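Note that the chains are named A, B, C and D in the order they appear, and that numbering of residues resets to 1 at the start of each chain.
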Amino acid sequence: MSEARKEEVPNIIFEARSITKVFGGLVAVNAVDFYIPQGGIVSLIGPNGAGKTTFFNMVSGLLRPTAGSFFFLGQDVTRLVPHRRAQMGIGRTFQNIRLFGTMSALDNVLTGMHVRLRGGIVGSILGTPGVRREEKEARERAADLLKFVGLRSRETFAKNLPYGDQRRLEIARALASEPKLLLLDEPTAGMNPQETARLTQLIGRLKEEYGISVLLIEHEMRVVMSISDWVTVLDHGEKISEGAPAQVRVDPKVIEAYLGTAMTG
Amino acid sequence: MIRKRRVVTLAMLGVAAAFLIVGCSGGGGEQGTSSPTATIVSDLPLQGSSRPQNETIVNAIQLALDQRNNMAGDVQIKYQSQDDATAQAGKWDEAKCAQNAQSVAQNEEIVGWIGPFNSGCAQVQIPILNQAGLGMVSPANTYIGLTKPGGEPDEPEKFYPTGNRNYTRVIVADDKQGRAGAIWMRDLGVRSVYILDDQETYGKGLADQFQQNAEEQGIQVLGREGIDGKASNYRALMSKIAQLNPDAIYFGGITQNNAGQLVKDKVGAGMSNEGVVFMGPDGINEDAFIDAAGNSAEGVYVTFGGLPASELPGKGQDFVQNYKDKYNSDVEAYTAYGYEAANVLLDAIDRAYKADGQVTREGVVRELFATRNYDGVLGTWSFDQNGDTTLTQLSGQRVKSGKFGFDRTIDVA
Amino acid sequence: MATTQELKSRGAVLLDDVRSSSWQSRIAVVITVALLVLLLIQAIKDPGQFFSQLLVGITNGAIIALIALGYTLVYGIIELINFAHGDNFMIGSFVGLTVLSGTFLGLSFFAPITAESGAVLKIFGVILALVIAMVVCGLINVGIERVAYKPLRNSPRLAVLITAIGMSFILQNLGLIWKGASQIPFPDLISDDNVLAGITYTVFYRWKDLFVILVTMPLLVGLSYFIQRTKQGKAMRAVAQDKEAAAMMGINVNRTISITFLLGGILAGASGVMFGLFNGTTVFNLGFRQGLFAFTAAVLGGIGNLTGAVLGGLVIGVIGSMNDQYIGVRWTDIVIFTVLILVLVFRPRGLLGDRSAVQGGGQQ
Amino acid sequence: MPVGLILLALVLPLINGALGADLMFPVIVVAIYVMLALGLNIVVGFAGLLDLGFVAFYALGAYVVGWFASTHFNEVSFAFLSALPAQGVSGRELPGIHISFWLLLLVAGAFTALWGIIIGAPTLRLRGDYLAIVTLGFGEIIPRFFVNGDNIFGYNLTNGTIGIKGIDPPGLPFLPNSLNTWRQFGTLDLDPWYYTILILVLVTIFVNIRLRDSRLGRAWVAVREDEAAAAAMGVNTTTTKLWAYALGAVFGGLAGAFYGAFIKSIFPTSFSFNISVLVLCMVILGGMGNIYGVILGAILLQGINFYLLPEVNGWVHAIGDALESPLLSNADIPKYNYFLFGILLVMMMLLRPEGVIPNRQRREELHEGEEDESVVEPTHV
């Protein structure tokens, strides 16, 4: 099935080849093949403990796979450390929001821009015109990003923001690094239906306005089904199904896997 | 925000000013008495472990002044005691030493300086006071390089940027004490020795001198090692030394650097004090050493860079008695030297005033160096051209029944 | 779904795997082997001396091991380097000294027990000193935990560590106020004579050395029994694994942590008294250096690992004595601190390994 | 930077002169500590790395000046832009290396930065508390090395505990004779010294502020707060921390270099663990991360050390004399200063971890645990 799709979509931005992760004898992810087309929204779903977040952390580089390799923009990135992947254009959010709590919203976004800024130490100390201009532009851009995700309070400490705003700020922070691939780990977790709807819309705009590819982990099936181009289902670390949302929805293996646990969403 | 910052700034300023003003509220002299006045200062570490010793020196200086009714001949004398230790160091501190010297250098009222106690401090102070032309008399510095060649290549010149001398000391320098130790060992029939030091200026300098003299005396030096004064024990070291079968172990160092433990482990390693001589310098000539070493101290040999209170000539005995009467406590090893230093300085001021009609730093230095055949509590002695005492009598003591007992005098002339 | 906790520990394992690359371990192995060969040559040259030093090292190491256990127990359970532990050890030696003197706060309870006392009285005195010091130090440790560490359990790690340094200074200065700045002699209760006299004269092994081993062994056996077999010991292990899970299973986490501190303090007290009787002197600032050596031992063995702490202690003791013999006393400190740094840099899990010291994702 | 304070600092020598006070020396010493505290603030306050061996950089900086501006290496004779005449007091050619102090400041900064990197590079991946221990280890090894360094395979590198003496004054040899104090930096008039350290302190403050507000400053906070998230945002956590370490080391080194030249003698025993802790106390008391707080902390603690404790000692003695209590009249209060600092550390952490003048961010961070205590605390306790 996957072979067929590869032919359909020649522009692959990210590819995982038989990724395996073992934690002290426990196989968390088992020989998963996977890829994301340029500009696509791909969802990773599966019941609790399926290995989604583990897979995610391997993609962003926080974990390293036991076997297998990752390719990003045609380059092997398996052995690259997280910040190098971020430089190459992989941005992410976290399931349990990990903002820099005691930084203002704006500073959080500016930190996200870290890799795209050039200001060196000497320049910063001397306050060279180049650095100043760059700082000024960065601030403007950060403000724009905050506006884009719909956040008004710039100077509030991130930890003091309401929950939904924190989620959006995390996305803004990830966007600030100008990713080509954005990894969203359960972005709607804990949100009410209105917030969820707004966020879903936002994710859609990412693709349209910025041309960013998205890898999404989501429990909320309505979100997954409405915006995904492609859905991959993991269970017990194995890929049990993939395909267009409509296809996956009716796959008996998927239904079985979800019936075994509590079907969320 | 800006306003708040300003408040903070002001508060900081206030606090800083408060501290600084508290700090400088002392000092300052009055003028206008009929007889000429002059001020002398002492500079000793008055905090930490050497405080008891140095308080007796301050007492001794005060005693000397009281006995003269605060007069050096016709000159009225004021006395200030300075502390060159800091709380954070718990001992002398080079910054405090420099600060004291710097501050005194600018105060023209002050014409004489008694101190410092530590040779390291003297290294810092002499160059500063040399530029100020202030005469110094130290009761306790024994590092050779302060006055004569024998330390480092460009010593002592580097301490005297003006090229003139201003520093004297009433204690004999390390070369003599090291030599005394070697002579004593030779007399005891020692043929081989292992030398240890505590790696400090005093201990290492002494061990160097001892080593040189021991070789001259034909004693074989089996090894030389610096110890870490804070180690928990020296069993491994002593076990190693025991293998070499030395006749003696010499330790250049002070009690505070674990001398007691060292002796304990020496005896514990099978080298009894009867079989293997243990000798140290006056740095362990204090009861604290015997306390720390316990029974193992029995039979330890100690050299002292002068004579103990009990062996001082008649004047010295009078001083010991006077001190006891006044302060109701016993003198320590360096107390008499503090007293002698004060008297030498006061006599020099007296002579300078008589010769010049006024008291100047220059005159005091000149007269200090002109001290000849001084009949003091330490005996009769002179300053040589380097500012060193001509005394050559040192003493040897041995621990008997938990006490230091005078054993012999050693003349290194 | 992976919890944050899992994520962090997995991250830690991974980063560690990745970074302790093989060339480093190879160099470490080569250097270690070279050093061992050099030692072996010395051993063959002069076996008597070598074995004397080995025994000295083991005895010194046994005391270090007991202190190291205190570090490792506490680190295992709350991941705190209990800086004050070394100073608690010093207090232990002071308490022992006070008990032997028979006088406290000007009240004389019994005549001082000295080298001249009878054998029975000496044994009684030593046991009494050990027991009282163990109790006092245990309680001090628990008290410190309650007052200074517990309120900060959820604060950044930095804050607790700074508090621990503060407590270390407080204890050290209490020692200074209590007994003054100079070294204080312990009564010579145990003979300096050679146990092996009559068997061999080249190896020197004193009754004092034997005493250290005789006290250390039962303590180690007891501790190991406590942790492996008793309910409290099992609770300790559970809390060390995962505080939240342990709490959910009905384990009283706070009490378990207190008991851990109690155990650590007891060991510190025992080693303090032993140190005094063995070396013959004690001093107020003893804890800093001994504590650092012991911490090195704990790290070397693998912090959090009890067997590791004992092994590490012995190794550090032997490194110390071998260094004294073949390199020079004044370099011993530098050598041991270098071992500490090298272990932390190249093998943070220590020889036996347990808890990784390498940074996991985003831990404070 | 408050202009008023700078102005006051500039005219301080005049005020001192007018009052006939003797302030300059203590002020200079305090200023050295302000520099040290600001240097450590970069490491502890900004980047959140606990450095317990900061004194090592102070020592290294001092030894750079000791080595290259004294007669220590007397087997050679080399001078470069030195303020000293080529002939010494004795009229002979000056032995040793004599390089201009101003140049050595740069050398000391670079040298300590290098050491910061050497020490930091392999260790910065360690978790915070382990890093603290490694730095403590280095802080112990380096002074110990200077003590032992009089015999490194027979070579006298550091002159051991006797220390390096007779360090050259900075001096500005191109000035006319009429400005002799500035030409020579003598020991009697301290104004040139004061303005030198003042400039150094101002530069330190300036650099601190600029760094705090820079891209790097944000990265420090990010790494401090959540290393994994920072890495995922593209922050190279290792280099970021390394920079904190190296930059902190630079200011430690500069302070050391100035100190060496100012006191003219260096003794390895002065660089003890206590100094590291004292400087750490300054940073914590004042408020980690807050530049003005740290300055205040340095001034306060040195004030306590130099003035308050000896004063209190005097009072206690007076009370003791009045009550005829030998215990009080012989008390040695300053000896227990680290008792006070120990209590201070514990109290600050328990009650006001953000310091006297808190950094806004740090306050939030340090009180974080309190709010969600119930979440982590086992429920049945």
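As a working rule, contacts are C-beta pairs under 8 Å (C-beta built on N, C-alpha and C of every residue); 3 or more make two chains touch, one makes a residue touch a chain.
Keep in mind it's a predicted model, so treat the numbers as computed, not measured.
Engineer: Per the definition at the top, count C-beta pairs in contact and tell me whether B-C or B-D has more.
Structural biologist: Answer by contact count: B-D.
Engineer: Closest chain to the protein CA centroid?
Structural biologist: D
Engineer: Using each chain's Cα centroid, which is most distant from the centroid of subunit D?
Structural biologist: It is A.
Engineer: Let me have the rounded angstrom distance from the C-alpha centre of subunit B over to the C-alpha centre of subunit C, please.
Structural biologist: Centre-to-centre distance between subunit B and subunit C: 40 Å.
Engineer: What is the distance, in whole Å, between the centres of subunit B and subunit D, each centre taken as the mean of its C-alpha atoms?
Structural biologist: Result: the chain centres lie 31 Å from each other.
Engineer: With chain centres taken as the means of their Cα atoms, state the distance from subunit A to subunit D in Å.
Structural biologist: Here the centre of subunit D sits 44 Å away from the centre of subunit A.
Engineer: Using the average of all C-alpha atoms in each chain as its centre, how far is it in Å between subunit A and subunit B?
Structural biologist: Roughly 73 Å separates the two chain centres.
Engineer: Give the residues of subunit D touching no fewer than two other chains, as numbers and ranges.
Structural biologist: Where subunit D meets two or more other chains at a single residue, that happens at 147-148, 225-226, 228-231, 335, 338, 365, 368.
Engineer: Residues of subunit B that touch two or more other chains: which are they?
Structural biologist: Residue numbers touching two or more other chains: 48, 90, 199, 226.
Engineer: Give the residues of subunit A touching no fewer than two other chains, as numbers and ranges.
Structural biologist: Expected reply: 62, 98.
Engineer: Can you check the complex and tell me which residues of subunit D touch subunit B?
Structural biologist: Listed in rising order, the residues of subunit D that touch subunit B are 2, 4-5, 8, 20-23, 25-27, 29-30, 71, 74, 88-90, 95, 147-148, 159-163, 165-166, 186-188, 190, 259, 262-265, 267, 269-270, 272, 274-275, 278, 292, 295-296, 299-300, 303, 305-311, 332, 334-335, 337-338, 357.
Engineer: Using the touch definition up top, name the residues of subunit C that touch subunit B in the complex.
Structural biologist: Going by the criterion above, the answer is residues 46, 49, 52-53, 56-57, 59-60, 115, 181-185, 187-188, 192, 194, 204, 206, 208, 275, 278-281, 285-286, 289-290, 320-322, 324-325, 328-330, 332-333.
Engineer: Going by the contact rule set out above, which residues of subunit D touch subunit A in the complex?
Structural biologist: 206-207, 210-211, 214-219, 221-222, 225-226, 228-237, 243, 247, 360-362, 364-365, 368
Engineer: Which of the residues in subunit D end up touching subunit C in this complex?
Structural biologist: Interface residues on subunit D, with respect to subunit C: 44, 48, 50, 52, 122-123, 125-130, 132-134, 136-138, 140-141, 144-145, 147-148, 225-231, 273, 277, 280, 284, 335-336, 338-339, 341-347, 349-350, 353, 365-366, 368-370, 372-373, 376-381.
Engineer: Where on subunit B does subunit C make contact in their complex?
Structural biologist: Answer in residue numbers: 48-49, 90, 199, 225-228, 230-237, 239-240, 242-243, 255-256, 258, 260-261, 264, 267-270, 288, 291-296.
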